[in-house]
Amino acid sequence: MENSLDPAPPLLEVRGISKSFGAVRALQDVDFTLRAGEIHALLGENGAGKSTLIKVVTGVFPRDAGVVRLGGDEVAPRSAKAALEAGIATVYQEVNLLPNLSVAQNLFLDRQPMRFGIVREGEMRRRAKALLTEFGLDIDVAAPLGNYSIAIQHVTAIARAVDLSARVLILDEPTASLDRHEVEILFGIMRQLAKRGIGIVFVSHFLDQVYEISDRITVLRNGRLVGERETASLTRLELIRMMLGRELAETTSARAAASDRPPREVCASFENYGKTGYVAPFNLELRHGEVVGLAGLLGSGRTETARLVFGAERPDGGQAKVEGAPVRLQSPRDGVRHGFGYCPEERKTDGIVAELTVRENIVLALQAKRGLHRPLSRREQDEIAGRYVKMLDIRPPDPERPVGLLSGGNQQKALLARWLATSPRLLVLDEPTRGIDVGAHAEIIRLIRELCDDGLALLVISSELDEIVTYSDRVVVLRDRAHVEELAGEAIDVTNILAAIAADGAAMHEARV
Amino acid sequence: MTMLLPRRGLAQILALIVILAVDRVVSPQFFDLRLQDGRLFGSLIDVLNRGTPVALLSLGMVLVIATRGIDLSVGAVMAICGAIAASLADSHSLPVVLAAALGAGLLCGLWNGFLVAVLGMQPIVATLILMVAGRGIAQLITEGRIVTFTSPDLVWLGNGAILGVPVPIAIALGMLILTGAVVRGSALGLLIEATGGNARASELAGVGTRAMILAVYVWCGVCAALAGVIAAADIMGADANNAGLWLELDAILAVVIGGTSLFGGRFSLVLAVLGALIIQTMNTGILLSGYPPEFNLLVKAVVVLAVLLLQSPKLSGFAGIMARLRRTKP
Amino acid sequence: AELTVGFSQIGSESGWRAAETSVSKQEATKRKVNLKIADAQQKQENQIKAIRSFIAQNVDAIFLAPVVSTGWDAVLKEAKEAKIPVVLLDRDIDPSGKDLYLTAVTSDSVHEGEVAGNWLAKTVGDKACNIVELQGTVGASVAANRKKGFDTAIAKHANLKIVRSQTGDFTRAKGKEVMESFIKAEGGGKNICAVYAHNDDMMVGAIQAMKEAGLKPGKDILTVSIDAVPDIFKAMVAGEANATVELTPNMAGPAFDAVAAFKEKGTVPPKWIQTESRLLTAADNPQKEYDSKKGLGY
Amino acid sequence: MKGLPPVLITAIVLVVGFALCAVQFPNIASTRVVGNLLTDNAFLGIVATGMTFVIISGGIDLSVGSVIGFTTVFVALAIERWGVPPLVAFVAILVLSAAFGAAIGAVIHVFDLPPFIVTLAGMFLARGASFLLSTDSVPINAPVYSTVSDFAFRMPGGGRLSAIAIIMLVILIGGILLLRLTRFGANVYALGGGRATASLMGVEVGKMTIKIYMLSSLLAGTAGIVFSFYTSAGYSLSAVGVELDSIAAVVIGGTLLTGGQGSVIGTFLGVLIQGMIQTYINFDGTLSSWWTKIATGTLLFAFIALQQGLVALARRPAAKRAGATS
């Protein structure tokens, strides 16, 4: 573990950090070393304590024990600002920017270019524009950040941290909502920064990315340090074993000969369904026991399609049918009533009710479906929550914990549990594996298949094409808010999907793989 | 929930005990109780009795606040409903009078709920409208005078007793139990908390958030109506100019002292009522103390601050975690 | 041409005030005066705004029932510049503004307190008497004056002593609540010999509190209050109240007359037209008083 | 930029309202009424400016009305009873009110308590303190007072642009600049966008909270001084309920109570709209106390509903555009 060949003091040195939240020991005696000019991956399962470590180091949470040294000197930042001033810039896991401020203000908050005590708005916008161009983003920097998609917000957050020109840059799951093209750009920038001697901490659940970019890896498990390795000398299997503490069941085999099976019954169908300015009219058939994948670039209209299908958005034309009977889907309640479920992509704002317990979050949709007058008894609630906590391995396995205190991945599982509890006939999953660790990722994909075998119809959105290919029976490709292509059976592979996405000349450059 | 209650309520119970002890010091006969004309009599009873209007208001208010709303109009609604009850009391039977007054409160609540849930106005301005206009409506009903009545039925609501317990106290207790039964006995409580905690997410989970919001304002209106009727019955007249004046602030204060966040989500009915009692215990203590009235507000300010600090998240463990969680929400 | 008069009324905080407004309207109709009433909702700033808008409308005269005694100089100067006579109703203003208004039709609220105090002193005689006092709103000048007058009256009698004094905000509900706690604090009311309330509404509330405590107001405990609203006479008829000091709601009548005389003949009225502060007790045929007052909009 | 369309709409609503009133009462369309509108609402404009900062930052300040009351009493007593020169009294009260605001901000931040309640306690405290100072109203006869209240630019048509109106306009412009052009202003919006997030982005939330409430109290103190000019007196019951008036003005002006959005210009328009409603009712002059209240409520509703309807209309195509850009 110790690298005695290295003479200079490490850039960032963390020794014996511990942190508890009440009874939960999130970190126990963790060490971590970051050298100048390296890209260091911090890995671990959901809830392993990665984000907590980052927050403790940057002073967001007070620490119970341990020391942090920066360039050999002990530092004890007591706020994010203090950490910044000490030279540690951080992009925290959930996008932590302000949707109400303009993009430019977000980039330069608290460090705007000034003259005579007055913010130089024009200069700030010019710089913002230039900064984002480096990240391949050409947007109106005067518009409120909230107008833009999560992906753009994430890029903005990264750009801000990068531009702070600190000595240490910490990125907590920066790539979770980015597509390949943007990831490429980010990696390019990260390499440049590393060359300049900046140390970078990189958290991700995408192991491909970890192998592509990182020099060394530190693994945490259950709040404890498992080990620190050179990336080059660590095999994937070994890494997964370090993270999970066990072997991972093989998951990557293609879906068993879906085309062999007899065609299933149609669960829900949409004809000429659409909403002007939102997504162009489309035809879509969802069958029991079938997974339909939605693929496309950021902003291609996948989420919009999902919202229309579920009923979260009102269509202005077209006909929806459930089990052959025409229905009106005007609100989420309609969707729920017809046995639909929807896990939205923005889990913090659209998914969880942070203050309520895991149990309450899980039973919420079922309760809403049953109506006010048929409350689930406490016993039923406990039973349901207990079942799903176990089934999805939600950690910590305490149904009475406010869901907001769970790690991101575990929140995602709780959301999934919410809909499974309603025994839906159609489940719409928007980026269900975002921010989920390898173990859970495999779990969720296995679950998707099982559900499907039980007759559930699934509509799944994912930016990870490999993943889509793995479980989809059909893939609908979207471009510019229109459904442009449907692939089925043998035709489903990454190349074909990319070809469909890129068929349009304008999108060509996006498709560099 | 039942398990959490004592832990959550500890600060409030402690505060109440301290204030009661102070009251005992300023007024040695504070805990004396006796039966007077078949009715319990004593300072403690005064606290409960005088506390009923705010306790009733806070029962409705706590639900509104749980949905991240606020209702400034409750004082005015009290005045309206008191005025209606008083004007009808001598010509109609009690059920009719009550139905009219509570119906009016329901309509007021519906109006507020409509503005908030359907038109999407910010609760504080939406209810400010009725706060201003409502008192006018009440005065219109009474034409600015104090409308008195003699109907023994209505008077009984204010001054009567059931097994020695003054009727207002019994009504407040009944409403607490009723509200608790409705809210916790059905799924309403959960759905309200979900709506207040994250309306967008709840909507997507199939919760009828608009219906929830409408419902809580309606209930708040009904509670205010009842408080108004009791206030009128108490003085055997409807004083539209002053009934319920500034009580909305006391009700909000009671809810917050009861530990419910103004940002919605988790709520506790019992603690909100306890909050109302804390306020009234303090008020009665001030009256008994014999200090000149110039000091009233200062004492009130100091006590309120002290009670708040007592339950400050920074000073207690469990609440601290909750608050941290709240802060991390956008 | 008929006169147009703008009346900046304080608000509608009590029955007495409502009566003053409606009596003013009646008096105006009687004299064919066009009366514009602006209700200030108890706020001085609203009264100032109202006066300014009366000036902008060029009315013939302005009546002002000032919510507070100070702070009128600037706006009254404007009225004077616009040559609009101002008459104060019900309450006086600070002496610095003496030359800014035509006349003031008011009662003397210190005197009202004195009348109440003197009645009590006479009724009690040499007996020792513990008095509890229900004050008006803290900071209201009427409350301060009525307290002052009463205090001076009883200061001459060593046997009279105010043992408790709290604000009842001029309202029935608060009057009742405060009286309840007075009773508890003074040995179940046995130590109290008389209640003095700054207005009748509080007294009506206090009477209820005494009755509920098993006391006999008017007999066990003497009552004296101010305003002479109808309900206090009802209590007197029932033997539950002893005395009240009248504050007439008809301030506008004399004011109209003064303005008319000034406009037509240039007669300058006296600076202060004081209304009478009549003492009314159970001996003064309360039933008749009640009947005559109940239609006045109290 | 961000706040502009709603502000424009509010302005249109104001102009249309003014025109409608002027049709009914031609006297309203005079410089005198406009001058009065500014003078009479000067103190409200000043507190509302401070309230705008507080509300944009996601807070609320219920103590401002009481601070005004306290200020008037303090200033009056200082000048008339304690013989302090007016300027010294002004400086003293401004320092005192700023300290009061800072204390409120500190309590809110350090103990993590809801601003609504802390400032409610502050409201009791300041009002209670002014009762202790004096329950009588105290006239102020210092020469500065008559000089200031007599001072006015005459406008054509008999209107007066008074000194206090000018003070208000200056503070207003200062507020606009402070909010729009400085780092402080950006941080105010940041706080309203989310305290935790702002803190993670390096904004010193604690210091900002203290500064914001300090600013609000300071402006309330200033409004108190203006109020004392307005009435030449100090009175413990003055400016009761002004906190609600100013909150209403801020919200009518398009500022979100949830924080993060709004503007000082909007607030100014909100103040004028409220003033308009009152002027209209005064001109009408036939309304009883109760109809005054009902009419105020109805007009408030009409203005807000109209404004919200227009904003919703204006937003609809904008939303599509925003979606399309990403």
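Think of it as A, B, C and D in the order they're written, each chain with its own count starting at 1.
Assume a contact is a pair of C-beta atoms (placed from the backbone, for glycine too) under 8 Å apart; a residue touches a chain by one contact, two chains touch by 3 or more.
Just so you know, these numbers come straight off a predicted model, no measurement behind them.
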Indicate the whole-number Å distance between the mean C-alpha point of subunit A and the mean C-alpha point of subunit D. 44
Quick check: how many Å separate the C-alpha centres of subunit B and subunit C? 33
Distance between the centres, which are taken as Cα means, of subunit D and subunit B, whole angstrom: 29
Touching two or more other chains, which residues of subunit A qualify? 99
Residue numbers in subunit D touching two or more further chains are 131, 135, 193-194, 196-197, 288-290, 292-293
Taking each residue of subunit B in turn, which ones touch at least two of the other chains? 139, 143-144, 294, 296, 328-330
Pairwise touch network: line, ring, star, complete, or other: other
Interchain contacts, given as pairs of chains that touch: A-B, A-D, B-C, B-D, C-D
Per the contact definition, I'd like the list of subunit B residues that touch subunit A in the complex. 185-188, 190-191, 193-194, 197-198, 200-208, 265-266, 317, 321-322, 325-326, 328-330
Can you list the residues on subunit A that touch subunit D in the complex? 60, 79-81, 84, 90, 92, 96-102, 105-106, 109-112, 114, 117-119, 121, 139-140, 142-144, 147-149, 152, 160, 277-278, 298-299
Contacting residues of subunit C [partner subunit D, same complex]: 6, 9, 11-12, 18, 21, 36-39, 41-46, 48-50, 52-54, 56-57, 68-74, 94, 96, 137-141, 144
Quick one: in the complex, what on subunit D touches subunit C? 25, 27, 30, 32-33, 36, 39-40, 43, 131, 135-139, 141, 146, 149-150, 227, 230-241, 275, 278-279, 281-283, 285-290, 292-293
Over in the complex, which subunit B residues touch subunit D? Could you list them? 72, 119-122, 124-125, 128-140, 143-144, 249, 252-253, 256, 261-263, 294-302, 304-305, 308-309, 312-315, 323, 327-330
